[in-house]
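Would you mind keeping the following structure in view while I ask a few things?
Chain nomenclature is as follows: A, B, C and D, assigned in order of appearance, with residue numbering initiated at 1 for each chain independently.
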């Protein structure tokens, strides 16, 4: 016998210092703030919480993007496309959504698309679209 | 973990339930079947078990402290039990640590998982960074697609090769969960996460594994298989902070297990590859050429269950050594997005 | 088990909300503090063990995300989750991995951010066929067992309130503690809001955000790096039947804790725990449980626990100070709570307890409690024993 | 932790969970639940220690022997532990707080040796004590679930 059990719980996760700064800049200024690693000076975007190379913490804010280069992408039925992009000025890569790019090519130039309604987190970027095409 | 002055760890018994697409049994019933088989194989009863290490993950079981559901069927009432939330191979490796530490003489290592309970990939979203990744809907499947894309760059024949590999593996297995398909059928199967097609992923179902480990001072008379080395590793979480085209974590885990990258004595490898492309990452990281038999029984493509995979690979290696098919074998477990975490155990005939 | 020792401890400031940090950042705070205390660099750590009850925050495999906070990237890392015993069991897992000869230095970090989820709801995600429809979490389960304990052993609300007052007053001397109430009185406890008869608000532990870390070292590394290692003399775990209704008068009998303690005492050469132990850090999620644990741990005869707290035997100036840290009653980040018990016991051996130091502590007990009646007992000493 | 030049208010990310799992009851629990639909309660008796177990399960944890001997159990028994629960907590099954206060108890049903954790109709602590006789109050439309018993009431 199979019984279905449903669970509904509203979770909310603290973003932490660097990610809060990142969220506030997106929300208020449509700017993308990476962070300089306190250990090795790499520019992290997403900003943290810790550097993948040296484990250092996200430090001073560094503006990156909104231009970016496509490193990898994947498309899922009914779920859209996702991309790994390197924002201009960043050393790490950001995983996000790929929007309105009919023929993605690794190495192509992309640009962040900001959401019209912004709440202060990563979703304030709707995704990355082809460079030069503003909605 | 390498051989030293501490007790050797023998694999005294193994048992398995499933994998099947959907086991109508409850989790404890399924686990008990695997445990009873392992105890019988080791020719001991529950009284012969001194300590238990289990592997399971609450969210995947839909149950808080989900090892509470199996306490009595693993014989852990009034005994020490530790639950590692991760791949089942970790339960065996940690059990081996307890034996080498001299904490006890016999350990039962158990893992279970039921993919039939919930859409598996949707659950994995809750294992992703909830600040930067989960809100975008990025789960383990998305990460596998990104990794496959990174691997396929400048490699025109990649998808055909993966389809052939998946077809070969699936044909070697007993097709408990999904029917085997030809490479052409796999290439024509629906997209899972491009460039991966559905047939390039191992079929997920329900199953449990149990292994009896024993501190063995003597030698081959006590048990025919011993754990000669073990290692594990965690890579950075964010796929953007990793080289997706290499399993560096597995390289480090193998080194810790005392495995030379071109180990000539390795006669079998049983990797936990949920996707066809991962087998290429595995070979490169573990330094395994085409000559060493790899997943002769189909590996995970014969069907697998969440968090059970690594322990099932250890059982496959142990059985091959007992059957005389290999004298030295590598069992592998993996968890996390795009192979973020790895564990390996080197098994040897005694 | 070959000798292992704790050479450093560190913890966060525990609070009802730590909105200022993410889970990995919370973990980092404790990890950095423990490594600094042990004078160990992050690169010198061989392996990491995490302890956390992930579903309370809706997470799965949280080491994947939060592990980097414990400097785990590029290192071996496992995660232990066994309810309230997660922290003590995580420490014990590290003892075993070091004693196995695999590693010289292992960092253990327990953490929980209750504020990000609904822990009482999470705790009530019990068996869907049996008690999910009726379960009322840790508070409900304790209230039920307390009714049996009170009826059988005659413990009073005043005695329980004395435990609550002792904990919060001790916590006032612990800069990390969540509830620091140096002036709390028995009357205030007895007039606080009833949550589940007979458990009042101030009888119960808080839900905290926090993390705690220890550095576990092999004998050689401990001797090289620490002037005063806290040696692990014994570490025992016992699990129980799966449902609360299976366990006959849970708090009265508590056979898991009794057995784990009995074996741990034997291994550590302890005859009479009340006189032999210098300090104890026990996992008491509710005031009444501390009384029950005194009896299970052999600090007194069954039925005599109330007297210990009335006479101050377990107070800071008593024969056996229990929970100088303020205990779980003062700080309860679940996955960290067991690590805190072990860390606070080690801190006493290290002689670094500050205002909460028990003078000359050389033998310390730490316990864990989880799910319905799972128990861990760890004995630490200033001298390496022959275990 | 080094903060950047711009200090921002601490932000958070909301991730509402709405997940469903399909739980397999297993054979013993299925028989037990089917019994409830006919107001029949059965326990499993261990051949080793004689303990009669509710809920049904595959194995006696103490004796480590398989359980397959069913014994009848009454829908009435003795209150072995009680409380009145007053803290409104979120019910994960509905996402809504559970109404308070409500009585909770461990009930040893006649014919069983373990106790059932269930709800009590009585919410006055002055009227509750260990040893009271209680009986199950059944739901009108039985569904084959433990909450076919709505709660236990004090037998007067």
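We take it that contacts are C-beta pairs under 8 Å (C-beta built on N, C-alpha and C of every residue); 3 or more make two chains touch, one makes a residue touch a chain.
Since the structure is predicted, the reported quantities are computational estimates derived from the model, not experimental observations.
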- request: Kindly list the shared contact partners of chain B and chain D, in label order.
  value: A, C
- prompt: How many angstrom lie between the CA centroids of chain C and chain D, rounded to a whole number?
  reply: 28
Statement: chain A and chain C have mean C-alpha positions lying a whole-number Å distance apart equal to 38
- prompt: Which whole number of Å gives the spacing of the CA centres of chain A and chain D?
  reply: 44
- line: chain A to chain B, mean C-alpha position gap in Å, rounds to 31
Task: Would you pick out the residues of chain C that each touch at least 2 other chains?
output: 19-22, 25, 28, 58, 68, 73-74, 116, 118, 121-122, 124-125, 127-129, 132, 240-242
For chain A, residues that touch 2 or more chains besides their own: 2-3, 5, 7, 9-17, 19, 50, 52, 57, 121-122
- prompt: At which residue positions does chain D touch at least two other chains?
  reply: 1, 10, 12-13, 15, 17, 19-25, 29, 33, 57, 61-62, 90, 92-93, 145
Task: Chain touch graph shape: choose line, ring, star, complete or other and state it.
output: complete
- line: In the complex, chain B touches chain C at residues 1, 4-6, 52, 57-60, 62-65, 67-72, 76-86, 90, 94, 96-103, 123-124, 126-131, 231-237, 248-249, 252-253, 256, 335-337, 340-341
Statement: Within their complex, chain A touches chain C through residues 3, 5, 7, 9-17, 19, 49-50, 52, 55, 57
Message: With touch defined as at the start, can you tell me which chain D residues reach chain A in the complex?
response: 1-25, 29-30, 33, 90, 92-95, 145
- prompt: Quick one: in the complex, what on chain A touches chain B?
  reply: 2, 5, 7, 11, 13, 15-16, 19, 44, 46, 50-53, 71-77, 79, 82-84, 86, 92-97, 106, 121-123
- request: Write out the stretch or stretches of chain D touching chain C in their complex.
  value: 1, 10, 12, 15, 17, 21, 23, 25, 29, 33, 53-55, 57, 61-62, 80-87, 89-93, 104-106, 114-119, 125, 130, 145-147
